[in-house]
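The same chain A turns up in both complexes below, where it pairs with chain B and then with chain C.
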Partner chain A sequence: MVQVGTNPNIELLTYSEVEEVEGSIGNFKVKIRKKQTYIDWDKCTGCGACAEACPAKVPNEFNAGLDTRGAIYIQFPQAVPKKAVIDIEHCLNCAGRKIGTQPKISKKTGKPILAPCEKACPAGACDRSIAWDPEGELIEVEVGTIVVATGFKVMEKERFKEYAPDSPNVLTALQLERLISATGPTGGKLLRPSDGQKPKVISFISCVGSRDQRYHTYCSRVCCMYMIKEARLIKEKYPDIDIYMHFMDVRTPGKDFDEYYTYARELGINIVRGKVGGIEKLPGDRLRVMGYDNDLGKPIEVKADMVVLATAIELPEDAKQLAQKLSLPMDGSGFFKELHPKLKPVETPVEGIFLAGCCQGPKDIPDTVAQAKGAAAAAAVPLAQGKVVIEPTISEVNPEKCSGCGVCVPLCPYNAIKLEQYGDRPRAQIDMTQCKGCGVCAAACPSGAITLHGFTDAQIFAQIEALTKAA
Partner chain B sequence: MAKIGVYVCHCGENIAGVVDVEAVRAFAEKLPGVTVARSYLFMCSDPGQELIKKDIREGLVDRVVVAACTPRTHEPIFRKAIESAGLNKYLLEMANIRDQCSWVHPHDKEGATEKAKLLVASAVAKAANLEPLEDKFVQVTPKALVIGGGVAGMFSALELANMGYKVYLVEKRPSIGGVMAQLDKTFPTNDCSA
Partner chain C sequence: MQVETVNLTQKDRKAVLAQMIEKGGGNLTKCIQCGACASVCPVAITGLPLYCKRLFRFLQTGHLEEILDDASSWACVACNRCTEICPRGVDPFHVVFAFRRIQAQELAIPASATTSLMNFYTTGHAVYGDASELRQKVGLDPVPPSTLKYPEALKELQTLLDESPMAELGLF
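Right after this comes the complex of A and B.
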C-alpha cells in the first residue's frame, strides 16, 4: 500500500468514482467524481484527533459493523492516504455548525463556538465555515487503456435465517477477521460479542451461500483456506478452545495449501465433512449447531459459544453500474465476463479494457496478484506500441450518396455517427475509433450510402444465395 | 475471376469425429471459383498453414476459405499466414464447422456433414466477393486508468507505473487497501496483509 502511495507515476484518486467513460482503446475520456471530503487534505496530517472528538456513532464498515466510528473518521490506522473525511449524512452538526455557516459567538468569552472536530484539529484542516461543494469535484482524464479491479463483497449473515443471524455470536468470517486483528474492535483479543467472554467452543460453517442453488452455484474458492487460517491462528494462540469445522468438501488446491490444512489437523482442530442444516439459540448465549457427519453417516450436534459463517463472495451492486458505463457484459455468476475463459482471461469484449481480481470471479490473493500483473502487462501492450490497429471491417459513408436524413445517428449503439457539414448539406460521418462494425447503420440507410466493409450487400446476398440454392 | 482455395480442417477428432471431412472437401472442389480444395489434420499447425501459403505463392489461389474452428481465436493466425505469402489478409473467410456444426450435432453425422457443406458453400460465395482492405491506426495516449484500489488494483497500478506509464488509480473509499486491509494475516504464509 505504501509503495502505491509513494510511486511518482501513480496519481491516487481516493474517495472518487468513475462517472462517465467515452472513447475507445487508445483514447478513453473518463470523467471522475472526487467526492467531497469536507476536509482540507493538504493540511490534514491524519492525526485522528477529530475522529476521537466526534460524538456521532456510525456502524464502522472497516470493522464489519462490530463497533462504531464517528461521522468524521479515518478509514483505518494504516490508511493510504491517511486523511480524515466527514460522512455528511451522519454528521450531527454539533454547536449548530452546518457546513458553510459562520460560528456563533459566545457571549461569555466573545470567541466563536466551534464544533468538537474543528476544535480538535491542530492543523486547521477541519473548517466548517468553508462552503464546500457537496458535489465534490468532477475531473476528466485521458487514458489509453483501463484495468477494472473493483473487487467483491461478502454476503451478510442476515440472508441466512437458518443460521440464527440475530445472535451476536454468529459472525461472518470477515467479522471474525476483525475480531482477531490487532487493529480490530477488541485490539485482537478473541471475545464473543454478546458478553465479552472468551469462547470455549467455536464452530465454522463453510459454503454459506456458495455451492447452493438458492444463492450462488459457484465455489467462492477462498473460504476453505481462510477458515483454516482463522482456526489455526485461534488454536495456536488459545490451545484450550475447541474448534469444529463443518465442510461440504475441504478444497485446498493451491501451492502449499494442503500442507497448511494438514497442520491444522495436527493442531487438533476437528474437521467434519457434512452440511450444517441449522443453528438454534440456547440459554447462556450459546448456539446448537445441527449438522451431519458424512464419514460417520450420522447427525452431529455441537454446542458452541460462537459460530463463524463463511459467506459467499459476490459482486457489489455499484460494480454492476460501472459495468454499464463501460459496456462490459456480466457472466452467469454475476461477475465481469472475460473475453475467453482460458485464452483471454484478462481481456474483455471492449478493446482496451482489462479485468483483474475478484471482479472477474472469486480468487485468492496469490491468484489475484498473478492476474493483476497479467492485466497490467496486457494493458501496457497498446501503450508500448504507441498506436493501435483498427480493423477495417467497419462502416463507411459515401458522402455523395448520403442525403443527410440522420436516421443512422440515433440507431448507432456506440455513438459513432455524427452529422457534419459536407458541401451543401450536413451528412453522416462515422468515427472509425468508435465504430464496432455491427452494421445497424448500413442496414437502416435508405440511400444505400453506408457500406460495412467485410459484410457488403454483395457479399451477404451471395452467401444467402449459396445457402438457399444448395438446400 | 477469383481463384478460391478451400482448406478443410479435421481439428483432430473435434470436427472429423462427426463431419465427413473428405466429403466436404470433395464437395468444395466442385464449387464455382474453387481452384484448390485440401484437408489436413490441424490446419492451424505449421504444416497446415504451409499448405495454404504454398498454393498462394504458386499462384493457384488468391482468395482463401478455411473451414475449421472459431475466427475469434484462429482468424488472426490464418490472416497472418496468407499475408506472409503475399496476399491481402482480408481476402480470408472462415467457415466455423466446429463450434457451429460438429460440436452442436455430435449425434447426427450425416446432417452435420450436409451442414458443413452449406457453411463452406456460403463462405466460398462470400470469398468470391471479398475485397482487399487496409488496416487503420490510431495514436495511443500513454497513460492508464485502474479502477479499484484493492490487491488487484494496487498490483496492476504498480506494474504499469514501474513500466514507466502514468497511472490514475481510482478508489471509492477514502483509502486504498480494499478488503485485504481488513485481513489480519493471509494464507498460506500468515504474513500481515498491509
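Right after this comes the complex of A and C.
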C-alpha cells in the first residue's frame, strides 16, 4: 500500500466515492466525490496529536467497535496516506468552533479561543476558520478500463440471537483479531471485554451465517483457516488456555493448509466436529456453549470465558449501490457476477470492467492476489492494444425507422442505448461495445427499427422453413 | 459397548425415504448431520438414544425396522428449538413426527402414548387424573368446564377421532 501511495503512475484517491460512471470501454467518465476531510492534507503530517486531543468518543470502526476514537482521527496507524480527517457528524464543536466561523477572542489574554484539535496541531493543518464545503469536491476522471475491488464485510453478531450476542464476551472473529493485535484496543493482550481478565477457556464456532439457509447458503471459505490461525496464535502464546473449536466440517484445502490444521491438533487444541446450537449466559460472565460431538455421538457442553463467532463474509450495502452505478449484475449470493465462472473469471458483462477479490465471492489472500493480478492484466490488454473485438450478433437501430419513443432505453440491461439527436429529433443509438446481443430492445421496439444481427425475421423464417420442410 | 459393522449396500434406502416422504418427512434428505439440533434437543439432553440427528442418520442409511420400536421419538415435546436453529431448513420436528406416523401405523407405540390416546378418547383429556377433591378445596366446581362436564362435546370429539386415521389403530 505504501508503494502504491508513492508510485508516480498511480493516483490514490482515498476518502472518496464513485458517484457516477458513464461511457464505455476506452472512454469511461467517472465522477468521484472526494469527501470533505476538513483538514489541509498538504500540511497534515499524520502525527496524531489532534486525535489525542479530541474529547469525542465514537465507536472505532477499525477495532471493530471494541474501543473508541475521536471525531478527528487517523483511521489506523498504517493508513496510506497517513492523514487526519474530521468526522463532522460526531464533532462536538469544542469552544463553539463550528467549521467556518471565526474564533472568539479571550478577554483575559486577547488571544483567539481555539478548539483542542486546532491547538494540538503543530502543522497548522487543522484550521476551523476555513469555510470547508461539506459536499467535498467532485472530480471527473477519464479512464479506459475499471477494476472493481470493493472488499467485504463480516456479519455482525447481533443477528444471531441463539449465540447470546448481548454478552460482551461473545466476539466476532474480526473483533478477536483486533484484540490480539499489537495495535488493538488492549495493545495485544488477550483480555476478555467484560472484566479485562485473561480467559481460561475459549470456544470458537464456525459457519455462523455461512452454509445456513436462514442467512447465506455459501461457504465463506476463509473462516476455518483464520479460526485455526487465531487459535494457534493464542495456544502458542498461552498454552494454559483451553481452546475448543466447533466445526460443521473442517475445510482446509490449499497448499500447506491441512498441515497447519493438523499441527493445531498436535498443539492440544480441541477440535470438535458438530455445530453449536445455543449459548447461554452463566454467572461470572461465563458462557455455556451447547454443542454436539459428531464423533462421540453425544451432546456436549463447554463452559467458556469467551466465545468467538466466525461470522459470514458478505458485501457491504454500498457495494450494491456501486453495482447499480456500473450496471453490473449481482449473483444469487449477493456478490458481483463474473462473466463466466471458469473461462472469464475477472470479466463482467460490461466490456472494460473487471473484478478482483471478495467482491466477486469469498476468497483468501493468496486467491485474491492471484485474481487481482489477473484482473490488472486483463484490464491492461485493451489499453495496450487500443482496440477491442466485439461480437457480430449485436443489435443495431435503423435511425430512419426509429420514432425516438425511448421504450428501449430503460429496457437495456447493459445501458447500451441512448437517445441522440438525428435529423429533426432524438433517436435511439446503440453503443456497439456495450451491446451483448440479448435482443430485448429488438423485441420491444414498436416501430421495428431495431435489428438483432443474425436473428432478423427473414433469417428466423428461413430456419423454420428448413426445419419443417418434408424430408 | 458393542459395535457391529453395517453393510450399507444391503439397506433399502429408497424404500425408507419413500415412506418418510409419504408421511411428510421428505426434508430428511436436506439434513447434513451438523448436530446443531441435537445440541439443544431435550430428547438428546435427557439421554434418550434416538434424538433428531441420530434418528435422521438411521433413516438416511435405510434403517427402519431396527429402530421402529424405539420410544425416543415419543419423548419429543415439540419445543421446536431444532427448527429454529437448523441451518438447512430441515424442520427436524416435522421429520420426527413423520417417523412417529410410521411407528403408529406399525403399532410401535409405547404404553405411555397408548394410555394418553385412550384417555383422550374416553375423557377428552390426554393427561387425566381425578382432581375433584383439590378443586373443591379451592372453591371450584369439582368437575372442570370441559368435555367432562359437557358429554355432547365429548361425543363430538369422539366422532372426529372415529373419522380420523387414528381410528384405524384400533385403540378405541
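Note that in this section the second predicted complex is superposed on the first by the 389 of 471 C-alpha atoms of A that agree within 3 Å, B and C clash if a C-alpha of one lies under 4 Å from a C-alpha of the other, contacts with A are read in each partner's own complex, and residues count from 1 in each chain.
Criterion: a residue touches a chain if its C-beta (ideal position, glycine included) is under 8 Å from a C-beta of that chain, and two chains touch if they have at least 3 such contacts.
All of these numbers come straight from a predicted model, not from anything done at the bench.
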{"item": "Clash or fit (per the criteria above) of chain B with chain C on chain A", "value": "fit"}
{"item": "First, second, both or neither for A:391, with chain B first and chain C second", "value": "first"}
{"item": "Touching partner for A:422 - first (chain B), second (chain C), both, neither", "value": "neither"}
{"item": "Chain B versus chain C, judged by how many residues of chain A each one touches", "value": "B"}
{"item": "Chain C, chain A and chain B - angle at the middle CA centre, rounded to the nearest 10 degrees", "value": "90"}
{"item": "Which of chain B and chain C A:373 touches, first, second, both or neither", "value": "first"}
{"item": "Contacts of A:292 with chain B and chain C, given as first, second, both or neither", "value": "second"}
{"item": "First (chain B), second (chain C), both or neither touched by A:274", "value": "second"}
{"item": "Chain B versus chain C as contact partner of A:132, first or second or both or neither", "value": "neither"}
{"item": "Which of chain B and chain C A:211 touches, first, second, both or neither", "value": "second"}
{"item": "Distance of closest approach, chain C and chain B, by C-alpha atoms in Å", "value": "21"}
{"item": "Of chain C, residues touching chain A in the complex", "value": "32-41, 44-45, 53-54, 81, 84-85, 87-89"}
{"item": "Contacting residues of chain A [partner chain C, same complex]", "value": "162, 207, 211-214, 248, 273-278, 290-294, 297, 299-300"}
{"item": "Chain B - residues contacting chain A, complex", "value": "72-73, 90, 117-118, 121-126, 128-131, 133-188, 190, 194"}
{"item": "Chain B-touching residues of chain A, taken from the complex the two chains share", "value": "1, 3-5, 7-18, 25-28, 30, 32, 35, 37, 62, 64, 74-76, 78-83, 85, 141-152, 174, 177-178, 180-182, 184, 188, 225-226, 228-229, 233, 254-257, 259-260, 318, 322, 340, 343, 356-359, 364-365, 368-369, 371-373, 375-377, 379-380, 382-393, 432-433, 453-454, 456, 458-460, 462-463, 465-467, 470-471"}
